[in-house]
Structures are given as C-alpha cells and as structure tokens.
Amino acid sequence: MKNLKLVAARPDFSRSIVTVQGVEFGRGFVVIAGPCSVETEKQTIETAIAVKKAGALMLRGGAFKPRTSPYAFQGLGLKGLKILDKAKKETGLPIVTEVVDTRDVSWVGEYADILQIGARNMQNFSLLREVGKSGKPILLKRGMYSTLEEWLNCAEYILAEGNPNVILCERGIRTFETYTRNTLDLSMVPAVHKETHLPIIVDPSHGTGILSMIEPMSLAALMAGANGLEIEVHIDPESALSDKDQQLTVPQFERLMRKLDRAKAFLDSLDAEFADKAGGNGGGDADKTDNGIEAKIFADAVD
Amino acid sequence: MKNLKLVAARPDFSRSIVTVQGVEFGRGFVVIAGPCSVETEKQTIETAIAVKKAGALMLRGGAFKPRTSPYAFQGLGLKGLKILDKAKKETGLPIVTEVVDTRDVSWVGEYADILQIGARNMQNFSLLREVGKSGKPILLKRGMYSTLEEWLNCAEYILAEGNPNVILCERGIRTFETYTRNTLDLSMVPAVHKETHLPIIVDPSHGTGILSMIEPMSLAALMAGANGLEIEVHIDPESALSDKDQQLTVPQFERLMRKLDRAKAFLDSLDAEFADKAGGNGGGDADKTDNGIEAKIFADAVD
Amino acid sequence: MKNLKLVAARPDFSRSIVTVQGVEFGRGFVVIAGPCSVETEKQTIETAIAVKKAGALMLRGGAFKPRTSPYAFQGLGLKGLKILDKAKKETGLPIVTEVVDTRDVSWVGEYADILQIGARNMQNFSLLREVGKSGKPILLKRGMYSTLEEWLNCAEYILAEGNPNVILCERGIRTFETYTRNTLDLSMVPAVHKETHLPIIVDPSHGTGILSMIEPMSLAALMAGANGLEIEVHIDPESALSDKDQQLTVPQFERLMRKLDRAKAFLDSLDAEFADKAGGNGGGDADKTDNGIEAKIFADAVD
Amino acid sequence: MKNLKLVAARPDFSRSIVTVQGVEFGRGFVVIAGPCSVETEKQTIETAIAVKKAGALMLRGGAFKPRTSPYAFQGLGLKGLKILDKAKKETGLPIVTEVVDTRDVSWVGEYADILQIGARNMQNFSLLREVGKSGKPILLKRGMYSTLEEWLNCAEYILAEGNPNVILCERGIRTFETYTRNTLDLSMVPAVHKETHLPIIVDPSHGTGILSMIEPMSLAALMAGANGLEIEVHIDPESALSDKDQQLTVPQFERLMRKLDRAKAFLDSLDAEFADKAGGNGGGDADKTDNGIEAKIFADAVD
C-alpha cells in the first residue's frame, strides 16, 4: 500500500494508543455501547446507566442519523446532543456521536468526546479534512463498499491535517448475501494490525443486523485481535425509532459483557504464555516463519 | 428459508453429529490439516505425521485440483489417492479429499473417508446427487458467490438422496476486496447454527489466502462457534505446487494447535459457567430475550 | 418501492424535462463532455471549443476532485471555477461541475449551471438537502455500492426540499470484476424509466475506465433508452492530472458524436415506426414518451 | 491476461466464425430463442414454430434444469431431448440445450447441435474437458461470480482439448443489486472482442429477470457489438414451470425481432460508412488513437 505516509505500520508493529478521557484505544479492550439514536432523555440516560454498570467505557448515541429515506426519523440534532451531555454528566461516560456535515464539526465537537464518521461518509473528503483540523479523536467507520486501501487512505486524510487520534471501525461490507444486513469482515482486524499502527474496533450490530449473532461475533472479534467493540443497546428495543431489530436489551448486554470479560482475561493469559515461550527459548523457532512473514504480528495481534 | 425439509434447524437447536472413523463433527472441535495438493509420498506422509503429532484428527490433501488455467498443476489423480492411503496407514488419520466428477465418486470413495465438494462445484447438482447416493460423509464448501439459502439447499440435495452425513464448510466469498483472497464470512457460523442442525467448520486458508491471518481467524472461528477447521499445512510451503502463500509450516501449525487447545478449554468452561447460571436461576432472565430470539442458541453455538 | 412520493413514475410513464440554459434533459439526447479535471485555462477552453464543435451541449470539468489519496491532485477550486466560467463565455456551453461540501453549494452554484453530486457523496444527505434548497439543476450520480432504491431515495431528498430539477447518472458499480474500473449497469436505464419520471444519463468513462469501451457502451446506452451521456474528453489525455487512461481525444470524441447522431436519428425513426403501429390499434397516449422509449413495453411488464 | 494460448485475440482482432448447421456465430447477428424448460411437446413445438417465424435461427430449451431446490422441477431429461428433436424436425431449427454431467455429454450430444454449459458449471473443469473432447459447438455462459479472465480460461480448457467451437454468453453477474435478477454486464461484449477471437452473445432474460427490460437490453447488446442473443420465449409464460416472470410472449418476441432487424441493418450501414471513411482517407486520423489503443477494435466490434 503506497502513499500511507502517516498511517502505515511501524517496523515493530506496535500500536498507537488513542486516549479519550482516560479511555485507551489500542490497549486493553474497550466497549462502546448505547442506543442507535438518542430518542428521549429517559431512554438515553437509563441506557447509559445500564451499560456503564455492565462495563461499557463509552456511550454511543446518534443525534444526526443518516437514513435512506428523507421521511425516516433523522435524529434530534442539538437536542440530542444536550441529552447526551446530561447522560455524560450522570454517568461520567465519554460520548461518541456521529457528525455528518462540515458545518457541524465545531459545535458537535463541543459535546462529543469522539466524532464518528459513518460508513456513508467514509470518503466525504471535506468532512475528513474538517475533523482532521478539529484535533478531536475520530472513529472512522469502513465504507460499505470500501477496500482496506481506501479506508486507510481516508485515515491518512485525517492524520495529514495533524490529527493522529484515529480509531478504525469495521462495520460490515455490502455483498450479495442478504441473510445478514452486511457481511462483517473480521479479517480486517489482523489486516489493519499488519498494515497500520492505528487501533481497530468492530461494530457487530450493523455488521450483522441480527440480534442472535452479536454475541458470537463479538467474541470472535475479540479473539481476532480487535481493540474493542461498538454495540447498540436500548432499554426497550421494540420501541426504538431506528434499528429495532439489532439493539441488545440490557440483560443481553450484561451477559455479553461478562463473557467478554472472561474472554479478555483468557486472551491475556494466552498471549503471556506464548510471549514467555518465545522469550524463553531465545525468540523461538515458532516466531520465525519459513515463508518470510514476521510471526511477530501473531503475538501482537491482540495488543 | 423454505423447502429445507431435511436440513432445517430443530426446535431445540441441537446439532447433528457426523461421525467419521471415530471423529465426531458437531461435538468438540475437529481440526483437519494437510497440504493443498498431494505432490509426493514424502511430502504427504511427513506432513501427515507432523499434523497428527500436533493434534489434527484428519488429513486433507487434493488429488484432483480445480485450477483456473488448464495449464496449471491439476493434481496426481489416482496416484495421489494411493499416496493418501499410505499416509492413512502410516498415521491412522482418516482422509478428506475432493471429488470433482460424477464418474469418480465411487472409486474416489474407496480411498476417501470424507468426500469434499469444492466451492466451484457447490451447485453441481449432478455431483451432489451422486455423493448423496454414495452415503459417504460429505464436506460441502460454500460457493464463493452463494447465499446461505442456496448453500443449505445444496445440503438438502444430498440429504434428499438419503445421506445425512453432511458437514458444511465456510471458505470465504468473493467481494470487491482484493487485499484478502476471499472475504471469510464468520457470521455464517451462528447463521448456520440458527438455520440448520448440520455441523459447520471453517477454512481460514482459502478464506484469507494470507499466512499471518490464519491464526487470528482460526481463533475467531472457534469463538464464533465453529465445529472445527480445515487448514492447509505443508512441510515446505515454498516448494508447493499450489497455494504456496497460504500453507502453514509445521511449527506455525503446532503453535496454532496449542492456542486452539487452550481456547477450546476456555470456551467449554465459559459455556459450562453460563449454562450453570441459566440452570441455577431457573432459566434466567438473561436467557430470555425481549425481542423474541431464543437466547438458547447462544449457549448451543459451540456444541 | 415505497416512500418515493415525489420521484415515483407517473401512471403514463411520461418523463420530466429538466431544462438548463435551453438544454433539455428528458427530451432528445444530451451529451455533456469535457475534461476530468480543470487543469489550465488553455486545456479547458480548447477542450470546450472542440467538444462544442463536435456537438456536445454542455461542458463538464472538475474543480473539486474527490481523490482516494490526500496527496493526489485535488482540483483547482475557485481558480478552476473561474476557468470554467471563461470557457462558458467563450463557447456558450453551460457548465456541470461537482460540489463536495455543504459550505460550497451557494458560491459554486454561482458558476455552475448544474451541480454534480459524485458517487461517493450520493448518500451525503446534508449535501443533498443543501443542493435541494439551492434550486439548481442537480446531476445525481449513482453510488458505487448503491441499489436503485437507495439512489431514488437520494433523489427524493432533493425533491423533498422543493427542487424538482434532478437528472440521474449511472456511472458503474463496484463488483468483483477487476478488468473494468466499474461495472456499468445499463439495466438501470430501463429500470429508472419504469420507477421514476426523472431523466437518466450514463457516464461510460467512469463506468468502464477503458478507452476502447467508451464508444460501444455509449451506443448501447443510447439504445437502452438513456437521455444522454457524460463523457470525459481531453485535448491531450497523456498529460492529464487525473483519469488519463479513460479520457477520449478530440478526434475520438468527434467520431463518437457522428455515430451517436446517426444512432439517435435511427432510434427516432424506429420509435416513430412502432408508435404508428401501436397508434393504429388504439395504443394511446400511454405509449408515447418524450424520449423515444416505447411505454408499451412498460405496460406489458406485468402481463 | 496470461496463459490464454488458444483463445487470446489475434493481432488483427478478427473474429472466429463458429458454424452450426449453417448458422454462423461471429458473422451477422444470431438470435436463439425458446422456452426456459421443455415442458410438453405442444409447448415446445408451438414455441419453436413461432420463434422461427419471427426470425430466430436456433431453438433453446432445457431438458436438464439446474435448480436451487431439489424439490423444484428438474427438467424432463431424455424425454425433453426427444421433444426438442421433434421440434427440430418440424422447424429445421438447430437445438441448443444444457448438459450438466460428464456422463451425459455423449448422448445429449446426439440430440443437441450446441451443448450449453450453464453459469453454475462454468468452472466444472471435468465437464469442460469432456465437452472439449466431444468436438461439439459449445455455448459457454459466464459464471455469476466470474471475472473475464476466469471465463476465458474456461474457454481455454475446451480449446485445449482440440475443440475450437466455443461461443461465449454473458448472462449477468451477481452483485448487491436486488432489483434485477442479475447485473447484465454489457461491457463484457467489447472486452471479449478485445481479449479473444471467440464470438459472444448475450442472454438478457437471465441477465435482467424482468420482462420489460429484455427489449431495451437486447437492442443495447446489439449496439455494444454482440454477435447474437439467447432469449427465453414461451407460448404461455404464465403456465411455465420455471422462470415464468422473464419469458417473452410470442407477440413480444416478434416485436423485438422486428426492432432488432432494423437495428442490425442500421448498424451494418454505420459500420460501412465509418469503414469507408477510414479507408477513404488512408486509415484516417480518427482511427488512430493518441493513447496507444488500436481504434481498429471499434470498427471490429460488431463484426
């Protein structure tokens, strides 16, 4: 991949840490949770309290919703941002919310701790430059038709404006398969770790669109080496104004978080064990491959 | 999904067990390993001994190779089957090998313990009927352009001939992404578990085509609930006559198997813990969803 | 297709006419031509004079270029618009140019006769609303990952702001095929004619990315019922700063225009002949369209 | 494209003529028509008489139908072939019918004048070799997931067995678009003409799956340079056992054939006019491109 002057992987495959209000992306495993859309103060704050209790480190919630139809619910806008702000004050959870217009970057950035660039705007280069200039941490979703190379070039747009705080998010691509809402491409996790130093998280909610798949795909994402997840949770999914079929209930989310906790602890012990072995025998044959691929990246895959 | 009279999921989401020479698909986690192609007796037998030692339960190896160009290596045919037979006698490992022609089903079945239907032949309905009639266990790979519904209908073709011994294998689909050889669609693991009682394994070698991705995607597949893996391993990948860039070396495979062992033990303990909890509190709120999806399938996903 | 309150086809399948400085889209066959990017005054004006002489009715030229890499030529911006303005004064050709940022709609609209929304911005809903409010004629390209339904909903966004002047442009979608730059989906021409009253043109330059395919695909688009074409022409393609492999030379364009002239005259005579026949048996108004597509075949679609 | 020893284009871009019972593919414009499936003697013979009268030069009809579900109508087999034989005796039209099994090539070849390899069997390499050995003319459909390079390699398999009589058929590929049954990729017509000397026809019935699109896409295919069409026609589509929504009625087909006749005559005159010009001025500047692409292929595109 050429022209990736700023986002290309380092020789030692170390990962950049993007720190947001004390939350570190690229170290540990960060779960962002919250409703698809901010709908009411009650819905947002109750969900925020619940996901925090379950272990989420950040709150997501859309105030500007890109919708296929102009007649669908478009989000509450400023009112939604104010609700998110209350939820943050209530819980201490930093806020991730989408920005869709260059004119909004500055004032939405007053409320958001991370600005999200949605899949449909991945190649909205004006917006990328504007969020680059803002210096805010950016969550850059993969476009649903985008190659890895295009995606990383979009990150390069942001870094080229002097903003190194980019977190990538795989959220599924469009294929011929209609069973799932999108095809969640978990192979992007090791691919991103090989080609760039930026952290990557996974969105299994949009990536599958099917409630029962969120738990297994979340565990799979963790094991593939993801640095975190973004998951839709709603206190009452059936009443949701958008994405009602893919938002977890609070009990489902609690259960998932308990499983993820166990799985993360297991993965840490696995990495420690194999790092030891590698160290113990002086680097170890297992770390050298016969095919010229650095085995090092296996060990780093989950860092 | 309509018309899936024989392959549709059971009300209790229990999984069929396909038993091949004592190896059980649908219970535990079965790793099939071996070279892409059978090339020489030495290469095949040495690889067989090595993968068995590392924990593989079956040997794969192609004697008939579907190749894009008529001028590429097409496999050793009968000679290759005889080599596989020797490797089986040497190691006790049952054999998986591809059959590509209705005329070959009978005699290839004399050597193979499982007949593999490759991605390009998934909708070769004559071949499906013929392997259905053979009664042999069948490994049915997903076509690279196939929807879940089409894939399950192909399994239905085999079962409709009276052969219930079908194992599904996700091996990646074709998308616009050119970084990976295919896009490995791990969401098919929970989808298959939801829609059918047949076991499903994953082929990360063809699914990614990139050596360094095989380990993380294998671990991810296990965690998503796969019933096993099919992995290409070669004693000397650089000298291979096909797929030289995606075959693991023996040390790489040994390392992967040690990790998979730990991961499987972890997953069993996780399932036991959450099954206990479910039982302990009389079914548990966490196991009932508010959206009408049986949480049961989470617990069963890896069974 | 639901929710298409304003763009849905009329009962008589008549086509809307979008008139731009006397040029009518939806009647006759309109060719827009010009360079991919405005590079210099000389290049733009000489190309404008040449394409006008050859029969083009509008001039295209990018001043804001969405590019995969931030380090690629991004267009001349305001300077480019001023050059386009000179070219317009020189030739009388109205101008089509892309707008990529909500903040630019107003002032770019001072120079442009048609504002183009590029494929990557098709679902940039803020931008759609803004160009909707501008009242300017809009050329809305199909996103490279977009279904017909999504595309028409984007047109609906513009019409919902009170702007009926939308021209659709098919420019190829992304598939697994890598031989062509995109897969030009000419079936969208009759599909658009069936589902909406808006005119549709075709861009064979981006649709194929291969010089030698532009002529046959242009003739095919005309015969499929397209209301026009947008074609990249450059006085010296080898020196171009973008898309050098797909811009026609002036002689190539002249030749194409002569062929299109003949083909349009033929198609008109064909339509007249078959309309006569239809008229003879009381085929009625529903069989006549403004752009030479026999509505009869639409009416038969559901027989 | 490498390894295309036998199918690669000639230096002069001349086209091979595949002659079948006096019908020439690669010269003129050949329309194959007939029902999707052979259902009854009456249905087949009446359709054959009607399509012959309308100008079709060959009769299509499936006796072996590849169907997604094992419980769908699978064709009449031998009985269907005998019906086709009667229709041939009745009308003199040569027969195109699909073969799906290596074991059937020999005896199906007794009835068929052209053996069709369907999209799902494009990479059934055993079948390709077998039809190659048969020496019969072969209609090779593009796989719905196949690149141009793979498709031409499949033709190479047939020619490598000593059978030069291959006709290619574009029938649409699978994309994310669900409005049409497939995405008919007409750009393959000039692409095939550029890369190989084999003739190519287009199947708009499967390519669109929508009745009202068959006429415009047929005209577009002709203008893009196709050497012919394969179209589904049924005397009573509503009663059809397969593909009832995409089979033309006899009156619709007659109307299409009249339009195609006019269009072919027009195209011949257009080619003659432009060939004259090229010849008249000694090759002509318009025929030389500045970008290193031989303009010759424009002129040859419809030969």
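A few remarks follow.
The first chain written gets the first letter, and so on, giving A, B, C and D; residue counts start at 1 in each chain.
One rule holds for everything that comes next: contacts are C-beta pairs under 8 Å (C-beta built on N, C-alpha and C of every residue); 3 or more make two chains touch, one makes a residue touch a chain.
As the structure is a prediction and not an experimental result, all values here were calculated from the model.
The two sequence copies chain A and chain B touch through a face in which the numbers common to both exceed half of the numbers used overall.
Look at the CA centroids: the one farthest from the centroid of chain A belongs to D. The mean-CA centres of chain B and chain D are about 37 angstrom from one another, to the nearest whole unit. As a whole-number value, the distance joining the C-alpha centres of chain A and chain B reads 30 Å. Chain B and chain C have Cα centroids separated by 48 Å. Across the assembly, chain B contributes residues 145, 149, 174-176, 178 that each touch 2 or more other chains. On chain A, the positions that touch chain C within their shared complex are 3, 5, 66-71, 100-103, 120-121, 123-126, 143-145, 149-150, 153, 156-157, 160, 174. Of all residues in chain A, those touching chain B in their complex are 145, 147-149, 173, 175-180, 183-187, 189-191, 194, 207-208, 210-213, 215-217, 219-225, 236-238, 245, 249, 251-252, 254-255, 258-259, 262-263, 266, 270, 273-274, 285-286, 289-291, 293-295, 297-298, 301-302. Against chain D, the residues of chain A that register as touching in their complex are 174-176, 178.
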